[in-house]
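Same chain, two partners: chain A is paired with chain B first, then with chain C.
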Partner chain A sequence: MSGLWFNASWRGKALCLLLLLVFALAPVIADRYLLSVLILVFYFSYLGHAWNLLMGFAGQLSLGHALYLGLGAYTAAALWTLFGIGPWLGVFVAIPVATAAGLFIGWLGWRFAIEGVYFALLTIAFAEFTRIGFDHLQITGAAGGLFLPVNGQAANEWWNLGGGPLLYYYLSLTLAAAGTLLVARLRQSPLGYRWLAVREDPQAAQAVGINVFRARMMAMLVSAGMTAVGGVFYGFYYRNLFPSQVFDIGHSIELILAPIIGGLGTVFGPIVGAIILTPLGEGLTGLMQSLGLNAPGAKAIFYGVTLMTIISLQPNGVWPWLARHLRLDRPPE
Partner chain B sequence: MAAITLNVIVQGLLTGLVYGLMALGLSVIFGVMRVVNFAHGEFTVVGMYAAFVLFETLHLDPLTVLLPIAAVFFGIGYLLQRTLINPFVGRAEHEQFILLVGLATVIVNGLLLVFGPDARPINLSYSFDSYAVGPLFLDKVRVFAALGALAVAAALLLFFRYTRTGTAIRACADNLTGAAVVGLDVKQLYAVTFGLGLACVGAAGTLMATIADASPSLAQAYTLLAFTIVIIGGLGSMVGALIGGILIGVSEALAGFYIQPSMKSMFSFALLIIVLVLRPQGLMGRRL
Partner chain C sequence: MPIDKHRFSRRGVLAGGAAAGAFFIAAPSIIRAQTRVLKAAVLLPQSGYLAQAGQSCHRGAMVSASALAELGHTVELMHLDIESNPDVARTQAERVINDGAHCIVGAFDSASTLAIAQVCEQRQIPLIVNIGAAPQLTEQGYKFLVRNFPTGGMLVANGLKQIHALIDATKIAPKTAVFLHANDNFGMAQRQGMDKAFPNSGLPFKLLESIPYDPKAQDLSVEVTKIRGLNPDLLLVVTRAADAIKLVRDIVRQKFQPMGIISPGAPGLYDEEFYKALGPLADYHIDAIPWANPKSKVTQTLEAVFKKEQPNFRFAVECFNVGFTFDALLVAADAFKRAGTGTGPELMKALKATNLADHAMIGPPIKFDEKGQNVDIPSSCVQNRAQTPTVVLPADIATMTPVLPEPPWQGRT
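This part shows the complex of A and B:
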């Protein structure tokens, strides 16, 4: 973090602190709805960070991150509903389960030099395979879904991740902030530089003595582990899990839009992307409702057009452009 | 029992040929331009709806409108490539991915907006007829669809092998710089390629409409299906796409009959994982 912090211009530092302050105090004036939108912004920032580590830093395209999210969510939720083991403990089971899956896929793929599109399809295949598997797994409710009792919510049991919107708000804010710190720290670490070298040119990286396979596996380890934590949050926030939603490829795609739109391989890209995309989706829903339009699909069409426009005009994402124009980064000497 | 199994396998094989034609379009586009068409299933479903609308309004048999629909899809593909997709050729995979996912979202929700979520069947007069060949009972629509798919695929193979344009496109796929150096209009050829890819999809969608009910929810499943087939057969190999289609068609039919219809694609994905690990270039693909 330190390096990144000192490289920022005073404007950047001021904006960063201001945003944190605004988010920390937001619940004072924000209503329930606005809080729920902000929770989604933080949630998608955090998961965007996780995915960005693998794609943006280590250069491996995963289109199946819903797998790690779903495994994390289902593990913690099943421990809670079946054995009464709370999520604060359950998360330490969820992380190993998801990272084991991630490392297995990474091992299978990278061992056999499956990269690029092929690796992306391998990740989709595993996520879809697991989705259909969970659709038929009776112990977690199969396709009918797994439900977490809501009485914990009324009882305000924070130690079981049950409570009002404020609990989830600060929890998601903490996740997003901690995720940002972790990514910023990793970015400046020797491991982070190895990732960048591997991303830019695996052969050259190998030639200077970097273990490419190990660097990628490390990225997968952190990425899948972070995603699993996000999954635990997902499970206890929504309190219901359906394989067709959690493991769906649509969910995987949803997770990766924010970092790509915000700026791949940057620390602040996922945050900027989530801040743009989440309110856009919510705002469209609100607009359609207030206009009295009942046209299913119209919102998603606009969403699709927005994606195509942004990727055509700013293929490197919004954040690098924003940072340049607002002079948030110190200009290179 | 053996007769039933044989029937299931043959039905899967016939469906698989239509799958193969759909995947062929994807394979051609990727093989030449290295662009992964993530909106492939969406275009297939557009083809299904085109056949459905022509059948409902003008009572045209899907088999008679096969070529007109393919021709219109060629035009759409040509224009799409010239305007939207060409700037993305050679760009990073994730950028192409976002562009085409955006396009797929627009298409599938456009269909939802126009036609609603209900499945739309085409009830042909011969929908329930079948041929009895020895112990086999072959659905008439499936036989026609498979023959149609084979005919279109054969036409495409001959085009690539024996025409000047086809040869030029193969040259672009083999060596882009070389093709440009000898004076080929690469942009034009890419647009023709994307057009041909979509023509396959239009034809496949039209044939598919006779054996499955059109619905927007099919789109994503078909995109994944096309990918699975193409990887199994070998990305960029045309014969591989057809073989992959048959394999997946048969595997789906067997799994659907003997295990559970809802689990059939699980076996396709398992097959995909096995092929990716043991032979990542696919059954008919050249070495990576």
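This part shows the complex of A and C:
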């Protein structure tokens, strides 16, 4: 981390601190609508970080990350509703559950050399049959859903993640900031360098003594664990969980858009991607509303066009281009 | 130019700033309280996987402003797409409340409705649920929510009553039935309702088996083969539009001929796609669901406006979604008129005191219990006749008499 900080230009450091300050003070001037948009920005930034570790750093495409999100959400929510175990403790159960699932998928894939697009299919398959399994799991309400209390004392205790938008705002901001720090730290660590080596050329990495299987499993472990924490946040923020929503492949796709647009394999890419996508989508809705236009699906088309434009103009994402143009990288000495 | 210090004292500026700040903070609620026109936001899934039904409801909302005007209510509607996504539903709820909405109507899907309900609860703005069957909507203790739509359990129980009436009216004697249902939120809620209601329904046939299926499955041939093996007299189904088409196609392909295909309260059998895809094979299936009352003056007004403003769509096919969406807005307009204000708590108080006799859907006056649920929403039997859903029971509102057993597949042209 210290390496990343000291390698950054003064502009980069100033921008980082300014953004953190602006976001920390945003609730003073922002209304509830803006806060709800910012919560989504931080939430998708955080999940983008988690996915980016596996894809951007270790080079393994997962299209089923909703699995770990759902397992995290369901585990913490079920522990609270069934046994009265709060989310701060529940998260320590949710993480092992999701990482166990992730490690099993990783083991199955990499042990038997299922790589690339076949590994992506494997992740989709696991997310799908987990969804079907939860559709029939009566203890968590099956397809009818699992519901957390929304009224009464228990629903308003901050230590049980109950409360208004301010609590969730700062919680999501903390998650996004902590996720960024963790990813930055890992990126600069020996493990991070091993991931990059494995991503670029697994055979060459193996030849120089890197245990490719172990490096990928470590990426899966951290990625699934981080996503599970995001799932706990999701479960308590929405306070209702339906397998068809939580484990849906659409959810998996949604959470990978920010890092792809922001910049795969970069520390700040997921943040930039989330800052671009969520507010722009909302801005488009506002614009259409003010013009009196009702065009369902326009946002999805806009997302698609944005994605194609960015991929064709900036194949590495927005962040590397932005960092270069704002001279946020430290110039070589 | 020198500044006149007597005109711009520090205290004066601070006091002025505080007053201006207080005004801007309080402005939305002051405007809400003073308004004479109900400003209702209609949040529906107009895109995403629920787009078909959401757009049908949206057409209902579009024609509601004119229909309500003819009934003496002035409303201003804000239409927003929630994209079949609870994340979007939540942010759009915050948006419309910021924009001055007195109440929200929506949102067809239970997950999105629950996301909106949390925002409404925190901001004390009433939410009137047009369609949403999850029992938890009115069981979780929301104080700013009312629902003029039956729960999954109510739908099934009322549907079974109608099947009883249907058997009496057609004099058929089914001995066995199979219950086939989608395993999504709605289908599983219906299954739970069926498990609870069927043993006490007094129906004269035995339920051989309940078979769940994945509505995303490419075909239902395995399920139909299983049903064919059981050879029930009646097939009770809970479907969505696309899988209802697949189901009937597989039934015809496997030459299985039950006395009737009856839904105890679900979409699918009366959608336009169903008629277009199956033609005469879509006829004679029966849906036991709440329906627009063809003999109500309110429904007739709504139908006339719908025909004028939505000429490309059939009211007879869309009246379930259109009728419930219209009734939700009618309930809001009626409460607003009685409350005389748009402030949330007063409007909610008026909503809870609703006693609305004239409305579009069949049934007694709309009233809400202490949980905000209208517990008295009866079902009717709607049979497909000449590819048009037609009310065949109860007799007092029926426009045709029911036909069962269904004519054989082979003779249909």
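Keep in mind that, in the parts below, the second predicted complex is superposed on the first by the 326 of 333 C-alpha atoms of A that agree within 3 Å, B and C clash if a C-alpha of one lies under 4 Å from a C-alpha of the other, contacts with A are read in each partner's own complex, and residues count from 1 in each chain.
Just so it is clear, a residue touches a chain if its C-beta (ideal position, glycine included) is under 8 Å from a C-beta of that chain, and two chains touch if they have at least 3 such contacts.
Predicted, not measured: the structure shown is a model, and the values here were computed from it.
**Q** Following the overlay on chain A, give me a clash-or-fit verdict for chain B and chain C.
**A** When both complexes are placed onto chain A, chain B and chain C end up clashing with one another.
**Q** Could you look at A:Pro190 and tell me whether it touches chain B, chain C, both or neither (first, second, both, neither)?
**A** Touch partners of A:Pro190: none, neither chain B nor chain C.
**Q** Classify the contacts of A:Gly145 with the two partner chains as first (chain B alone), second (chain C alone), both, or neither.
**A** In the superposed model, A:Gly145 contacts chain C only, not chain B.
**Q** Have a look at where A:Met55 lands relative to chain B and chain C in the superposition and call it first, second, both or neither.
**A** A:Met55: touches chain B, not chain C.
**Q** Which holds for A:Gln289: it touches chain B only (first), chain C only (second), both, or neither?
**A** A:Gln289 sits against chain C, while chain B stays out of touch.
**Q** With both complexes overlaid on chain A, does A:Ile311 touch chain B (first), chain C (second), both or neither?
**A** first
**Q** Once chain A of both complexes is superposed, is A:Ala125 in touch with chain B (first), chain C (second), both, or neither?
**A** Touch status of A:Ala125: first partner only.
**Q** Considering only touches as defined above, state whether A:Val37 meets chain B (first), chain C (second), both or neither.
**A** A:Val37: touches chain C, not chain B.
**Q** May I ask you to decide whether A:Gly209 touches chain B, chain C, both, or neither, giving the answer as first, second, both or neither?
**A** So A:Gly209 meets neither chain B nor chain C here.
**Q** Quick one: is A:Gly84 in contact with chain B, with chain C, with both, or with neither? Answer first, second, both or neither.
**A** Touch status of A:Gly84: no partner.
**Q** Counting touched residues of chain A, say whether chain B or chain C comes out ahead.
**A** The partner with more contacted residues on chain A is B.
**Q** Looking at chain A, which of its residues have contacts with both chain B and chain C?
**A** 132, 135-136, 143, 250, 296-297, 300
**Q** How about chain B: which of its residues touch chain A in the complex?
**A** 36, 84, 87, 91-95, 97-99, 101-106, 108-113, 117, 220, 224, 227-228, 231, 235, 260, 262-263, 265-266, 269-270, 272-273, 276-277, 280, 288
**Q** Would you tell me which residues of chain C are touching chain A in their complex?
**A** On the chain C side, the touching residues are 46-47, 49, 51, 54-55, 58, 78-81, 83, 86-87, 90-92, 94-95, 97-98, 110-111, 114-115, 117-119, 121-123, 134, 136, 140-143, 152, 183-185, 187-189, 192, 212, 214.
**Q** Considering the complex alone, what residue numbers of chain A touch chain C?
**A** Against chain C, the touching part of chain A is residues 31-33, 35-37, 40, 132, 135-136, 142-145, 147, 149-152, 164-165, 238-240, 242, 244-245, 250, 282, 285-286, 289, 294, 296-297, 299-300.
**Q** Using the touch rule from the top, collect the residues of chain A that touch chain B in their complex.
**A** So the residues of chain A touching chain B come out as 55, 61, 63, 108-109, 112-114, 116-118, 120-122, 124-126, 128-129, 132-133, 135-136, 143, 249-250, 253, 256-257, 260-261, 264, 295-298, 300-301, 303-308, 311-312, 315.
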